[in-house]
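Okay, got some structures for you below.
What follows is a pair of complexes built around subunit A, which joins subunit B in one and subunit C in the other.
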Partner chain A sequence: MDMVKAEGLTYEYIKTIETDHGTEEEKVLALNHLDITVEKGSFIAVLGHNGSGKSTFAKHINALVKPTKGTIWVNGFDTNQEELVWDIRQSAGMVFQNPDNQLVATVVEEDIAFGPENLGVPPKEIRKRVDEALATVGMSEYTTHSPNRLSGGQKQRMAIAGVLAMKPDCIVLDEPTAMLDPVGRKEVMQTILRLNKEEGITMILITHYMDEAAMADDVYVIDDGNLVMHGTPKEIFSEVEQMKHYGLDVPQVTEVAYELRKQGIDIPKDILTVEEMVGAICRLK
Partner chain B sequence: MSIKINHLTHIYNRGTAFEKTALQDVTLEIEKGEFIGLIGHTGSGKSTLIQHLNGLISPTEGEILLDGVNIHGDKKNLRSVRQRIGLAFQYPEHQLFEMTVWKDVAFGPNNMKLSAEEVEQRVEQALQTVGIPKELYGKSPFELSGGQKRRVAIAGVLAMNPEVFILDEPTAGLDPKGRDEILDAIKALHEERKITVILVSHSMEDVAKLVDRIIVMHKGRVAMTGTPGEVFSRVEEIEKMGLAAPQISYVFAQLKAKGYPVPTDIYTTKDATKALMDLIGQVKLC
Partner chain C sequence: MLRDITIGQYYPAESIIHRLDARVKLVITFFYILSLFFVNTFVGYLFVIFVLGLAVKASKVPLKFMLKGIKSIMIIILFTAGINIFMTQGDTVLFQKGIITITQEGVFLAIKMCIRLILLIIGSSILTLTTTPIQLTDGIEYLLRPWKKIGVPAHEIAMMMTIALRFIPTLLDETDKIMKAQQARGADFDTGNVIQKAKRLIPILVPLFISAFRRADDLAMAMEARCYHGDENRTRMNEMKYQKADYVAQVCLICYLGVIIALRVAAAKLPFFL
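What follows is the complex of A and B.
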């Protein structure tokens, strides 16, 4: 079954602008007729420049915003139906960019327990879920610590554990590594990959880091509310010029392969990793 | 203006259970007009260091000399230190507050008791340097894109005419286009004004593109300093410090390990393409 299915998903809003001359209103088309299907158990990445609509798309999956037109089904639940909102939010959890904005308690385990407590899960089961979730993200030793002394990467893994304790089928991550250093980014990406491969949780990752998107099964590019590209990372990133046109980037090795091809060197255009690049160069010899 | 840091040590919460040494015997010299990249993973001490430079915190031991004068020597000097050393914090756009872009940038100079013409000139110049077009001057800063907002915030610091400009993670959270715009603006301000720029970043690619010299902090100490080429050719050591070199540097490290005659101080796609073309030209070697 599909984890997320969007059909003609459209979202419009009225933006009010305060100026010296008073208030002005402007209609903004944030999402324009999007058709996206995310299979259960897959890992997809959504790219797009700031203001492209990708976060608006993410918020639809959690029913934080409802479509103006069109429909989005999450785990088969139509987000337009008010009474399904809790089923939807239990199916798809969200992790945001700033870890400090999503921590609610003063002790790590209490923070993780917050979600299941609100679902009315019995205490014994909560204990079990909290321990399991912290073990899954590699944070068991911090169970009774205070979150304010954790690193950014640890806080984000804690936020992921908090979502895990609600037993979701899908996790939507909106730029979860934007505020982290390279170590923190690596910790979070490894956690995302492991949860996807081992626990089969569908991962929807919104990111500006092309190397992160390169790890996904499928990549979607959104530009000014339109879905403009869709394919495997190799298909997407080998379109260097198109990516730059949409204000995006490609991994350094892909760009070098592109430049070498321009100079007549016969090297594959879909190189994404250091290993692929080194292999391709060795084969040239 | 030269900055001289002598045996700087900073200990937070000294004498309590939370005692933590953030900086340990740091000695550094930064010349006038240098473009420095300050890197280090979270907790390496880089933020503590820049807060000292701006006089926001005082050393536990050691001193910081600005043109030979200890900045923490006389508290009355701090105001002038902060004008001479501008600091753009992380997410500086959170500090925008005025009704228009122009007013926001003018806030700092207006508080410096300058003439109206002088303020006007500074604001105009600062906005030009960061590449904000005239038609945005009258707009509310909150209507702008993320990258534009951040450039306006940077212009606000620039309008104070600092001699040293410190930027803490100026590209965090921006998309590639916004990132390039900010980096271009920083490059422009360094070139036009010949001021000292200290760029604090986790992003090795950003640092590699711009700076003359990199200072790597690790566990409160200066672990490495050198040109980007020198620093990024030491990929293994950088990794051990929880950092990463630009992706392309790894390709050259691996090619070298396989015995290919390649340079290892490559960190931009432009130099990489050139080095690989050179290598391919000598194919017949193998």
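What follows is the complex of A and C.
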């Protein structure tokens, strides 16, 4: 069974605008007939410029919004079915951009316990899950601290632990590193990668950082609500011109390789890491 | 600078009072405050001070922390004292000039009011200093539960208090940042009279409110994503359980209230200055 499967997923926001003749309603098409399938255990990245509909897609996976048209199945559950909403939110956790605005409690462990408490898990089991989740993200020593004094990276790892304690099959991360410093970004990315590889949790990462997307198994590019590109990072990033057309960058080394090719130097176009670049240059005669 | 404001200031220590169940502490504090309005003699206050002294000692919180609270409301205490001194009618006039009359009754009443307020502040700060905000909100939620049938939203009140406590430091930080950003661009918050100063707060409050609403929106979505749906079928990681000490504390409360009532009854036979 697929973790997430979207068929003809369409979503319209109703925006009210003030005009001279009173208020009018205008429809904003945020997602347009999206077909996406995410396999269990995979790590996918979603790219797209601001306002292209990435967050709207993420919210569909958590049943925070319902499709206007089309269907999305999460872990086999159809999000259109009202009674499945708790199963869906338990299967697919969500981590948001702003580390401050998603923490509920004044003590770290209480915040991690929030999810399982809502699910009605027995107290002893909650305790166990909280300790496990904090150990998994490497935050055991902060169990009784206040989240206010933690760094951005630590807060995001806390948010991930809060989701882990609900025993999800999939975690959706909506630009989790956008407000972090480089150290925090690294902490969070390592946690995401480890959870994907070791615990087999499906990761859906929405990001603006191309080097983060390069770590994924699969990359999707959304442009104004349309799914425009899909493939492995190598396939996607080698299309430098197309990416630029959608207002996106490619990793720095890939761009260097692109420029070198333009100068007539024979170098592969799908270079994603510095190591690959070094290898390719050494192979030149 | 704004960071110095502490709300729900908890003083971590290992003491009997810290270990008491929050519900018991809340009930005791409630009856203690009621008792303060019941006591009307100096002998009575002496007894309350003695009991309070024992509690402070047992809590292992330095007296300094308790007195901090008094400093911040000194103005209210002095104001109350002033009103009582000048406004109380009485027979034994101590001083008179023009329309100002000070009577013996007024002086005694003012002293009693001051003692009452100070005892009230110290008593309630024992509660907040020895109980974590979470224990406190959990305790309040539990105690309000019986009133749920008549529509008191016990769980919601507790949840709102938790979120407020969680976000107060965040919003204070943000206020600080906004003020600094505006100061860097030449805003001046320190000079001018009260009205001018108040007016200058508007450019701080507007962005602060906008950001607070955005945060509230984000938080609501994050809570929903983590399956929050009120207190229906909700469990708690830390359940509250009464220990032996909690029962002892309740017996102590009953004895205390007994003495207070006895003193009140006896008050009629005491001379006025006691």
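In this text, the second predicted complex is superposed on the first by the 277 of 285 C-alpha atoms of A that agree within 3 Å, B and C clash if a C-alpha of one lies under 4 Å from a C-alpha of the other, contacts with A are read in each partner's own complex, and residues count from 1 in each chain.
The criterion applied here is as follows: a contact is a pair of C-beta atoms (placed from the backbone, for glycine too) under 8 Å apart; a residue touches a chain by one contact, two chains touch by 3 or more.
This is a predicted model, so every value here is computed, not measured.
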{"item": "Touched partner set for A:Phe114, first subunit B, second subunit C, both or neither", "value": "second"}
{"item": "Which of subunit B and subunit C A:Tyr13 touches, first, second, both or neither", "value": "neither"}
{"item": "Partner chain in contact with A:Glu175 - subunit B first, subunit C second, else both or neither", "value": "first"}
{"item": "Touching partner for A:Leu64 - first (subunit B), second (subunit C), both, neither", "value": "second"}
{"item": "First, second, both or neither for A:Leu248, with subunit B first and subunit C second", "value": "first"}
{"item": "Residues of subunit A at both interfaces, subunit B in one complex, subunit C in the other", "value": "none"}
{"item": "Residue numbers on subunit A that touch subunit B, as the complex places them", "value": "17-20, 48-51, 97, 151-153, 175, 178-184, 208, 210-211, 247-249, 251-253, 255-256, 259-260, 263, 265, 274-275, 277-278, 281-282, 284-285"}
{"item": "Subunit C-touching residues of subunit A, taken from the complex the two chains share", "value": "59, 62, 64, 86, 89-90, 93-94, 96, 98, 100-107, 109-110, 113-123, 126-127, 130, 147-148, 162-163, 166"}
{"item": "Residue ranges of subunit C touching subunit A (in the complex, touch as defined)", "value": "132-134, 162-163, 165-166, 169-170, 214-215, 218-219, 221-229, 233-239"}
{"item": "Subunit A contact footprint on subunit B (complex, rising order)", "value": "41-43, 99-100, 138-140, 142-143, 145-147, 172-179, 202, 204-205, 242-244, 246-248, 250-251, 254-255, 258, 260, 269, 272-273, 276-277, 279-280, 283, 286"}
